[in-house]
């Protein structure tokens, strides 16, 4: 999941699909680890699934010049796993997804 | 449910799944207990289920530097039970969840 | 339904499930009684069910330092019945419910 | 449907379920009659049902210190019938209905 | 469809259900005719149905002191037919419909 | 599809149902042709259907005093076909469609 | 997919349907390549499908005078494939799609 940080691109939002064991880490630890990453201004951790042994989260991170590899490393260092990246927004401002009009 | 409060992270919103017995505590007691926790600015307690002996709530708490362990302790001290944390927002501002675009 | 008013908590919104007999009290009487309670700034009474003998309402009350026991007493004094409290918002501002992201 | 106007309560919005015969009164007559009632600032008359002999309306009236009995009298004077009051908002501002979170 | 214009009422929005033959009038002719009616500031003509010989429209007209009989006459003069009035808003400002909360 | 431009009416928005062959014209050519029409300020071309040989679009055009016949001519000159006009807004400002409340 | 850039048209938004192999390029590489194209101010890359070997994206790009052929070339240079253009907005401002009212 580690990726070389590209120069000259300002990552402003990353949405990640993250899993952790029920017992560890605590959600507060996960938030704390994400908030320490350079460029992160705010994080929203929303529980999407509670299974017997694991909890699934939708993690939305906003900031300026967020380092994607540092972010993934920080999350995985807590013991949680990054399953996939669901959205990445970069540039001089945040632009929202325009959904397809096709049927 | 007690968790060590992490330094250096500003918790701005916590959404909790809370249950209580029909008779005790009163919703006003629960709100009062939450409002007394340091950092809490406002609380929204919404009833999600009424069973024969218990009532389920969706509790949304916003503020600055909310202490998560103090919050859980305050709620459980009233006799209510914290089932799970559903959302945690931290950082220099509130960021809303971006829902997955995947099918 | 009477509850001891807690000190130091500013109740800003209460949503109640209220029933009355078709004939009595009139909706305007109910609104009038609620508006007279200390701290109430505005009330929205919306009809949710009309049965043969009773009418059900969703009553949304906003204000500052609303007295919950005075409110319940005022409503029941008109002859209407408070079935349950559906939402209570307290603190230095109104915070809306964040719905669960769990499936 | 006539109700004694309560003193000291500022009615700001009334939503009514109104029926009329297809032929009479004209919608413009109904609007005109409502606009003449003291305290009425604006009215929205939306057709909700067209049957063989009758038309059903959702009538939303906003203003300051609207007289509910005068309003009902004015509508019935045109030949239309007030079936029920669906919403009443009173106080120092308009507050919207907060829908129940219960399942 | 002609109705006597009531004095003292400011019609600000009219929504009409209008039909025309496929071939005549052109939509631009219909818009032109509506725009010429006194009090009309803007018109939105949205196609809702295309049949073999006719086209159905939802026509939303906003302005100040719109003359309803002049409007109907202008539309029918182009060869289109006014089937029904779906909404009428009058008064010192536009108020939107509040939908019923009843089940 | 050519229509005589009416005097005295300011067309501010036109929504068209447009088809083209897969291969020709390019979407950028279509946009370019529309942008050159007098009065056009902005165009949104959204793909609604992709078939084996054709592509269908929903084309939203906004501006001031848009010439409808020039617009149709410009689109058809690129080799695309205008199937129907879906919305036309005219007057001193844009007014949105109010959808019917009837069931 | 290369198209001749039209003069005199200011492309402000392009929405593309893009596919890539799971392994390559990284989403950050794709974003970086798009951000380098002249005229691009911001990009939103949202995952819409994850298959065994490929990932599908909805890519929303906003800016001023975006060069469509340069954009396609930049994306394809990373190893990703542009399947189709889903929306193109051009002119002096962004105009949103007005969806059809027809049934």
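Just a few scattered comments:
As written, the chain order gives the labels A, B, C, D, E, F and G, with residue 1 at the start of each chain.
Heads up, the rule we're going with is that contacts are C-beta pairs under 8 Å (C-beta built on N, C-alpha and C of every residue); 3 or more make two chains touch, one makes a residue touch a chain.
Keep in mind it's a predicted model, so treat the numbers as computed, not measured.
Interface chain B/chain C: under half of the residue numbers present appear on both copies, so the contact uses mostly different residues.
Comparing chain pairs B-D and C-D, the larger number of C-beta contacts belongs to C-D. Chain A and chain G carry the same sequence, and matching their CA atoms takes a turn of 50 degrees, rounded to a multiple of 5.
Our note on geometry: chain D versus chain E, Cα centroid distance of 23 Å, whole angstroms. Chain geometry summary: the mean Cα position of chain D and that of chain F are 41 Å apart.
Look at where the CA atoms of chain B average out and do the same for chain E: the two points lie 51 Å apart. With touch defined as above, residues shared between interfaces to two or more other chains in chain G number as follows: 46-47, 50, 58, 86-87, 97, 99-102. Touching pairs of chains, sorted by label, consist of A-B, A-C, A-F, A-G, B-C, B-D, B-G, C-D, C-E, D-E, D-F, E-F, E-G, F-G.
On chain A, the positions that touch chain G within their shared complex are 3-6, 8-12, 68, 84-102.
Against chain A, the residues of chain G that register as touching in their complex are 13, 15, 17, 26-29, 31-32, 34-36, 40-47, 50, 58, 60-62, 86-87, 97, 99.
Interface of chain B with chain D (complex): residues 46-50, 58. By the touch criterion given at the top, residues 100-103 of chain A touch chain F in their complex.
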